[in-house]
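Every chain is named by a letter (A, B, C, D, E and F) in the order it is written, and numbering of its residues begins at 1.
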Amino acid sequence: MHIHLINPNTTAGMTATIRDAGIAIAASGTRVTASQPDSGPVSIEGHFDEAISAVGVTEEIMRMDRESPADAYVIACFGDPGLLAAREITRAPVIGIAEAAFHMAALISTRFSVVTTLGRTVIIAEHLLDQYGFSHQCRRVRAAEIPVLDLEDDGDRALEKIIEESCRARDEDGIGAIVLGCGGMANLTETISREVGLPVVEGVTASVKLAEALVGLGLSTSKVGDLAFPRAKTFTGQFSHLSGLEPAQ
Amino acid sequence: MHIHLINPNTTAGMTATIRDAGIAIAASGTRVTASQPDSGPVSIEGHFDEAISAVGVTEEIMRMDRESPADAYVIACFGDPGLLAAREITRAPVIGIAEAAFHMAALISTRFSVVTTLGRTVIIAEHLLDQYGFSHQCRRVRAAEIPVLDLEDDGDRALEKIIEESCRARDEDGIGAIVLGCGGMANLTETISREVGLPVVEGVTASVKLAEALVGLGLSTSKVGDLAFPRAKTFTGQFSHLSGLEPAQ
Amino acid sequence: MHIHLINPNTTAGMTATIRDAGIAIAASGTRVTASQPDSGPVSIEGHFDEAISAVGVTEEIMRMDRESPADAYVIACFGDPGLLAAREITRAPVIGIAEAAFHMAALISTRFSVVTTLGRTVIIAEHLLDQYGFSHQCRRVRAAEIPVLDLEDDGDRALEKIIEESCRARDEDGIGAIVLGCGGMANLTETISREVGLPVVEGVTASVKLAEALVGLGLSTSKVGDLAFPRAKTFTGQFSHLSGLEPAQ
Amino acid sequence: MHIHLINPNTTAGMTATIRDAGIAIAASGTRVTASQPDSGPVSIEGHFDEAISAVGVTEEIMRMDRESPADAYVIACFGDPGLLAAREITRAPVIGIAEAAFHMAALISTRFSVVTTLGRTVIIAEHLLDQYGFSHQCRRVRAAEIPVLDLEDDGDRALEKIIEESCRARDEDGIGAIVLGCGGMANLTETISREVGLPVVEGVTASVKLAEALVGLGLSTSKVGDLAFPRAKTFTGQFSHLSGLEPAQ
Amino acid sequence: MHIHLINPNTTAGMTATIRDAGIAIAASGTRVTASQPDSGPVSIEGHFDEAISAVGVTEEIMRMDRESPADAYVIACFGDPGLLAAREITRAPVIGIAEAAFHMAALISTRFSVVTTLGRTVIIAEHLLDQYGFSHQCRRVRAAEIPVLDLEDDGDRALEKIIEESCRARDEDGIGAIVLGCGGMANLTETISREVGLPVVEGVTASVKLAEALVGLGLSTSKVGDLAFPRAKTFTGQFSHLSGLEPAQ
Amino acid sequence: MHIHLINPNTTAGMTATIRDAGIAIAASGTRVTASQPDSGPVSIEGHFDEAISAVGVTEEIMRMDRESPADAYVIACFGDPGLLAAREITRAPVIGIAEAAFHMAALISTRFSVVTTLGRTVIIAEHLLDQYGFSHQCRRVRAAEIPVLDLEDDGDRALEKIIEESCRARDEDGIGAIVLGCGGMANLTETISREVGLPVVEGVTASVKLAEALVGLGLSTSKVGDLAFPRAKTFTGQFSHLSGLEPAQ
């Protein structure tokens, strides 16, 4: 089984963090690869960054489906950028790390809180909770107020602030679990869980296991109705290579 | 990894169906066992049957935790009887097949319908959809109007009716996937999917893969707050063996 | 008119408290009786206790329906354990004290808060508020952090803590009424209301009056559809006496 | 105990129907009276009629509180016109027949449908279901398409159409009970229930019993916060008699 | 284009404030007039005041439609009293200032808070948010605890308290905009926005622009279905002039 | 005042239709311009098309803000692609035609239905209704099953099918208004409204008027919190021109 992780931002260091986390958690028979798009933002910290990164996410999936089709894809940014678009263009299951983390947290606790990076991304998580149906299970989306790339560049300080905010969540929110709200936190799960004393759910690792589950079940994105392959059509300009797109398989 | 499936009704034939489905879907390193309670209804077709069966579910988990602790437990009846009670009494993750099927269906389609056995159980599925947050993703809960044990005793006729209702769901509900609403349908997934032409999600198999996922992630039921072990206390009468219950650890 | 109150836990002292409260509030033509199951937990403080106690609740209703059928039954634990199961097995109306209190509080205030016993039972009340449709009317479910049996064994201290928490609710929640979240508080309504200066709604007394109302209206549980009598079937083991159950009437 | 029913429209015949239904259902110790405002519409079939009738409703309550204070008031029109305004101006409990019917129907069934008069009033019932929290329990609000006064003037034909629509509700909606959506149907409950074969909940009778319940519990409208007596102030013109209004106490 | 603003209370000074704000914001081709009813409360601070004022609102619209029909009407009290009634009785669009403010705030921010006058009116705004669908976009309804007429009589102190509460909203609620919750604040928008440093949405001005928008689009209240003209009928007493009401056009 | 309409697809003929509709509806002092991106799909009929077109939408806004800043922008595709991203990158208000149409329809009716192009886009409208809070006001999203470009290439046939579906909505959905679900229908409003006999709300025209309203109010996108300008950062590859983006103003 081959699971391909797409880091929607273009910071290779973060792709490595994500890949390592994915490989570490994968079952013995699962091959995990990871890549980031050539084009896009180096970090994703708002709706604009999300919108741009969605293009790279879909390009990566189409490239992989042509070159080396994976059995499942993971979108490793907590806003799940391009998730439904990605599901349209491939037959393979596609999982976003936010949804994966919410699903898993809901299975081990009655209530959880999210700890994410910057305050301005809280709204993105709240919209996803609403859309996916988990807003009742989530007590609060909290921000540690760290820029995404600080996870790379100033890791110790970032970790400290995440732990502080997670402790506040534990003490004030009446929760049973913490969800980490950024793909760049994929290597921090264990430390945070130990420090905070609560189960900590992280989306990259959760996605890999959910992807294994779906593939194991023989389930892939429904191609009937809403998520059928896009209608082939002309694209212009820098997107003209998408014209008359035919599904890879 | 050891996953134990509990058939909440006491019909051994259905336990076998469930066990076989679980074994067939499990990863190579996963051992799947199954049992049913000694005491309880032979089928579960309403709230009363659910309430009685919840006792057997928790008894089976406590027995297993004493005798041969599994890494995860699955409650293989579509009403998820005793789910939160079960989560209190063990450290291992516990998954209900209704929730498992809903989670998986939400990952491969934007909208699904449920096809269950008797009309009187529709309300049970609707309550679960509300509680778990999936009521917006589910277009409709439909009943094929077959008693649960007909799945055992009159399998061909039952299968035919389930396929008929699933086709109606496909044609009328605007959906991308079908969820099968009974543990006794665990062996029918492939046939129904082929006949209906839609992905079909079945809860026993979905639960086994979700259990593997949770165990792989090192996640288990949060013991902080709502799902902490029950407070030790006296039970009377036929339940006196539960007095002063100490978690198996 | 005969209303029978079932204390779902097996503590006789609490049954007496409940019975006394019921008798005190009943109309002159109403006979109120009360009992507790022979088997079950001495207090109910979580999902596991709820699940076990649901058996006793249904057993008591079936026993009464055979021996001395009441015109209505009340389930006198704030989690309403076994409520829908109970409605299936009898023709008489069955009322849970949590739902009764919510209904009454919604008639005299626009917003209320619940003050219950232990923090771990908050989630049970929240689930009921969602299921019954009162989550918008309830500002907050609060716990006084007293074990249920302290209401019996350390009554003064318990009362003090409930009053303290109720005062916090009054001062912080923007509410017009308090709902008491435990059947064992049935005798405290007046004192708390006087101390807190808000209407206080208590479920045992509310249930008795709602039961009188339903019986007076000639309304009983609908036997068409979801709450029809359970299908007769075989039960095994300690529940074999339930086999082929025929409704009492 | 004295319960006063206010027919918000000014048709005396309908007041008589409502009074008779109230008297017939009241407990032996309960005195039931009824009146309609001097001023207002002869029937209520839309938002405008509702708005005008709300004035008469509050005037009647203030008049009664001055002349012959009742222990509880019932607003006997299915749109519950002026309900929250009425609760502000009196210490006594005030119950609307729509809310009363919804509360009672929710206690005896998991799902109900409403059968009301004209299609244009469906929206009023839907708004109330949302506001009170019962929209999930109600499958559908249906109209028999009869003007309100036909219940007085062409009773047999009206009854026939209500029964027809109720039968459609029974056959198509998957429900356990019918709610009658007009105070003028207060005398039809029994006939409709017999013809349709489902429990039928009617609001006037339900309100009387709920009022008895509240009064029996010693509960009345919370005067803390949202429903406190209106602030005394100047009113002008035809409403100048409301200036400096002091609660009747 | 002629837009008529109705101040639902009978304080002429407030009508002037509202008129001035409307004239100042109107497009060059728009004529703005304003009036208050002859009869009604001098301020609106609760459900009772709302109910009474709804009569005046509809009377003013009917009078205008007879004498000098406007192209659109605005109900300039934050509870939108009589809104749906008003929509029934005229073909022209009718806009409430609460709904107008919510609509506009939702277009420029993801989350807003409301700052209104007295705590007892918070519930009115919350009900409107629910009914209109904006409860998710509104973080909190706050009260500055000033009586409505203080806006006229003690303007500086009132302004100060509104600014204080708005600053608290800005600092604590995680919002992008403030909605002012009273028609009497129509002249304070600019000052408050400058002091608080957030966009401030005020309903009177928002309504005028929304009215211009609707009229410009050729859209008016749908006369098919729910909001069709009221059925002509007899009214009695002080409302007898409404008998056999025929739409103005 | 200058309002710029962005046709998110790259079909110039559709841009002309949108521009003409915008100019026709604009107030006398309003200048309306329109453009489409150089790069993107020729029509938008699913999530993938939406994701790609969001890039062009934001590029057009940034180009305009550099070259000829408009006072407001309109995104003229019914999925509102890139709406929140667009709001981040400009100080001017940005309005999507779906949200505009929903807001306007909610002001003139209690319930509306949407008639859109292809069945696969229904889910997009449903997600927007949920996110914006209008799902209760919308009875049903219907598809006429016409590809978007048929509006250009086979206009008569397309119009016929839209009218047919709108008539079904009128007859079956209990609605007061129709919302047209595609920017390419901007020139059909009048014809459809006349044929169907209901108010018809179309998003391009609605957006122009809402934009005029916001600009007239001096309101623009809140730059505090969620919609603040994106953090300046490095973009790579084909998006490198976005690096260190500074707001135009």
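Throughout what follows, contacts are C-beta pairs under 8 Å (C-beta built on N, C-alpha and C of every residue); 3 or more make two chains touch, one makes a residue touch a chain.
Worth saying up front: this structure is predicted, and the values here are computed from it rather than measured.
Peer 1: To get from chain A to chain D along touching chains, fewest steps?
Peer 2: Graph distance in the chain contact network comes out at 2.
Peer 1: So chain B and chain C: same face meeting same face, with over half the numbers shared, or different?
Peer 2: Both copies touch with mostly the same residues.
Peer 1: How many degrees of rotation bring the Cα atoms of chain C onto the matching Cα atoms of chain F, given to the nearest 5?
Peer 2: In short, 180 degrees.
Peer 1: Could you quickly compare C-E and C-D and let me know which has more C-beta contacts?
Peer 2: C-D
Peer 1: Starting from the mean Cα coordinates of chain A and chain F, work out the distance between those two points in Å.
Peer 2: Between these chains, centre-to-centre, one finds 29 Å.
Peer 1: From the C-alpha centre of chain B to that of chain F, how far is it in Å?
Peer 2: Their C-alpha centroids are separated by 44 Å.
Peer 1: Please set out, as single numbers or ranges, the residues of chain D touching at least two other chains.
Peer 2: 84, 110-111, 119, 122-123, 130, 136, 174, 225-227
Peer 1: So how do the chains connect up here, line, ring, star, complete, or something else (other)?
Peer 2: Topology of the interface graph: other, matching no listed pattern.
Peer 1: Report the complete set of touching chain pairs.
Peer 2: Final set of chain pairs in contact is A-B, A-C, A-E, A-F, B-C, B-D, B-F, C-D, C-E, D-E, D-F, E-F.
Peer 1: Please give the residue numbers of chain A that touch chain F in the complex, ascending.
Peer 2: Per the touch definition, chain A meets chain F at residues 10, 37-43, 45-52, 54-55, 58, 82, 84-85, 87-89, 119-120, 122-123, 127, 130-131, 147, 225-228, 230-231, 233-240, 242.
Peer 1: In the complex formed with chain A, which residues of chain C make contact?
Peer 2: 119, 122-123, 130
Peer 1: Contact residues on chain F for chain D in the complex?
Peer 2: By the definition above, chain F touches chain D via 110-111, 136, 174.
Peer 1: Sort out for me which residues of chain B touch chain A in the complex.
Peer 2: Checking each residue of chain B against chain A gives 25, 27-29, 84, 93, 95, 99, 103-104, 106-111, 132-137, 170, 174-177, 197-199, 201, 205-206, 209-210, 212-214, 216-217, 219-222, 224-227.
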